[in-house]
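In what follows, chain A forms one complex with chain B and a second complex with chain C.
On to the complex of A and B.
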């Protein structure tokens, strides 16, 4: 019985240890920027209300971005983006669900800059595709700063660019993510 | 040592904790997202701020300038000698500006009568969805037209008044975007002409306008612009203006190709001066090109902390 108690005690210590540490981080003001700039026209926008949650124990990371939240310089371009290209009335959110592949290498408890290899599924315009990105996780003062840049092809998500504007909008789109995440309590 | 009960107990505890963390992975976003529905204003009921001739319930963005050229040819009934109307053309050049999301102004000049026009358009109620929603938009349009040509000096003294050449239009647009593909608006409206040709004519003309849009694809829509004159014009001296057109959207331009029985392209000329009949071939082909420019860039709200 005594040995059982010892084993139980050790086991409980191991399992409850996880609950004490800060393992989940989130933000509702993440910045997502994209650029589909081609020869003739500057096409770019920023969304400053991206929602992101990360579980540092498992390396699981998820994003949700409202497409209507992308702010453009030109009102008409924003209208076209929503109505003709991403069809935000039909598909209001873009979502990403993935994992930090090298999660074990990142010391979330220690301040510093770590390289993170992220892989997961991006859902946009009703289409889902695997994407991979190399990003940076900066641990500072109990918060995490996530940065990542990656490319996608609009055609992979059935976002068609008419021939007439092929010189204005690039199919190869650069996406840049910038999130300051704080611990999620509870 | 082997304690089968202990081993199975530990195994169950380890397994259950494993399953628990897997469940948490799926629910990460739900921990943070608030699924409270938000009030959203309905946009893009019509592709442009005009249905065809008349104003639609749409506005330009804040700080946006719209340069519009409307071209209207002669009636098809003119036949071969006039190349079915192409030989004769009237144009309106206009500049519209969005002061606020729900307030815009504009000026224009038509070659028909060399008439100048200016308008103010305001939207006190915007169709919205979500909490506090409202099923349709209410828009007020007010415009003035001026015939700049002074009457010849030999005419009766009253024609010398500047104000004689002014007319005023006021319309209340009630419109709703029913779906992505269908929008409809109804406009009770009136035109007040300071001076009319004869004592038998009324200075005030009342009509009801109807505008509709049917979207066929992401970039192409069919539009109809019809006005029914209710009071103020002598029967037989006018016809109700009816126009049918197609909107084609590309990049920063909206092109519209249309057929109309009116030659007039401002509100006064449209309502009080239309005389051609659709069924008699009094149909005029026309087109509008609209090009928008962003004059004042939107302030991006930087949310700190």
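On to the complex of A and C.
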């Protein structure tokens, strides 16, 4: 009986560890959508190679995206975005570092959809600003899907829209993040 | 009359420029031919210098396909590198060439053409440092 209890204890310990959520998650294939659509022009781009890391214990979350990796439908728009607006030769990357403020409300070990309030510092065009968003974390089959929309003003990041094109490019910009993250081993 | 012709010509040019789509990556001249290990070493040794040399350039990089990743929307990323080393060259496939990746197998030696868009240095020691290429197409496979 004693031997059985020891083996039962070991079995339960292993099973419990198997059911626990992982602490760190990552992706190197995150999607980031950029939209500065104005009255006269649809200005949208997609980047499919964002890198993101999240620590579910602390709620720390970071992502980075290469600005030259944003793909626009029109070549001229892509060239202007890189050369005139974000100046990606000088500032190749946009980065976010922040926290899930209501991290304690999210049950990372249980499949479900959870509201996540995210706040942190966004660095773009050499400028860093505090931003926040209400997003979603979907826990499913041991992975996390993070979705969040950040509304920013390009002028806050010293990205100036010339008067001539104010009807074509909006200062109010949306950056949407869509990252399917897997557990980080190690 | 000459002015009218000039205005019409300029209008056509302007219209053409405005609606111009990105050129296919395979139609663009590459600035560099290199191998995955050599390229990674350049960035690891001095990423400032390597970024100045390669950022925004069209390059052809040859290497071992260590991993073939497909995201939830069906887009492929080719991961070139060496066994046992986390750092790699990550090649995000161009939408027009995405399906070329479906015929590839891990372990193959391939050449990929793409635009070098940046370098992610790994400060954690957990993820590996990556050189990132976008708009990629498979140039050759062995």
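Simple rule for what comes next: the second predicted complex is superposed on the first by the 165 of 186 C-alpha atoms of A that agree within 3 Å, B and C clash if a C-alpha of one lies under 4 Å from a C-alpha of the other, contacts with A are read in each partner's own complex, and residues count from 1 in each chain.
Here is the rule we use: contacts are C-beta pairs under 8 Å (C-beta built on N, C-alpha and C of every residue); 3 or more make two chains touch, one makes a residue touch a chain.
Computed from a predicted structure; not experimentally measured.
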Superposed partners chain B and chain C on chain A - clash or fit: clash
Chain B versus chain C as contact partner of A:51, first or second or both or neither: both
Chain B versus chain C as contact partner of A:76, first or second or both or neither: both
Chain B versus chain C as contact partner of A:162, first or second or both or neither: first
Per-residue touch tally on chain A - higher for chain B or for chain C: B
Touching partner for A:64 - first (chain B), second (chain C), both, neither: both
Which superposed partner A:88 touches (first chain B, second chain C, both, neither): second
Chain B versus chain C as contact partner of A:104, first or second or both or neither: neither
Chain B versus chain C as contact partner of A:24, first or second or both or neither: both
Chain B region in steric overlap with chain C, selected from 9-17, 45-53, 99-107 or 189-197: 99-107
Set intersection of chain A contacts, chain C complex versus chain B complex: 24, 26, 28-29, 48-49, 51, 53, 64, 68, 71-76, 82, 89, 184
Residue numbers on chain A that touch chain B, as the complex places them: 3-4, 7, 11, 15, 24, 26, 28-29, 41, 46, 48-49, 51, 53-55, 57-58, 60-62, 64, 68, 71-77, 79-80, 82-84, 87, 89, 95, 162, 164-165, 168, 184
Chain C - residues contacting chain A, complex: 17-23, 51, 55-56, 69, 71-73, 75, 77, 90, 92, 95, 115, 117-118, 120, 124, 126-127, 130, 132, 134-135
Chain B - residues contacting chain A, complex: 1, 3, 6, 10, 13-14, 17, 21, 24-25, 28-29, 31-33, 40, 43-44, 60-64, 180, 218-219, 249-252, 292, 294, 297-298, 300-303
Chain A - residues contacting chain C, complex: 24, 26, 28-29, 31, 47-49, 51, 53, 64, 66-69, 71-76, 78, 82, 88-89, 92-93, 180, 184, 186
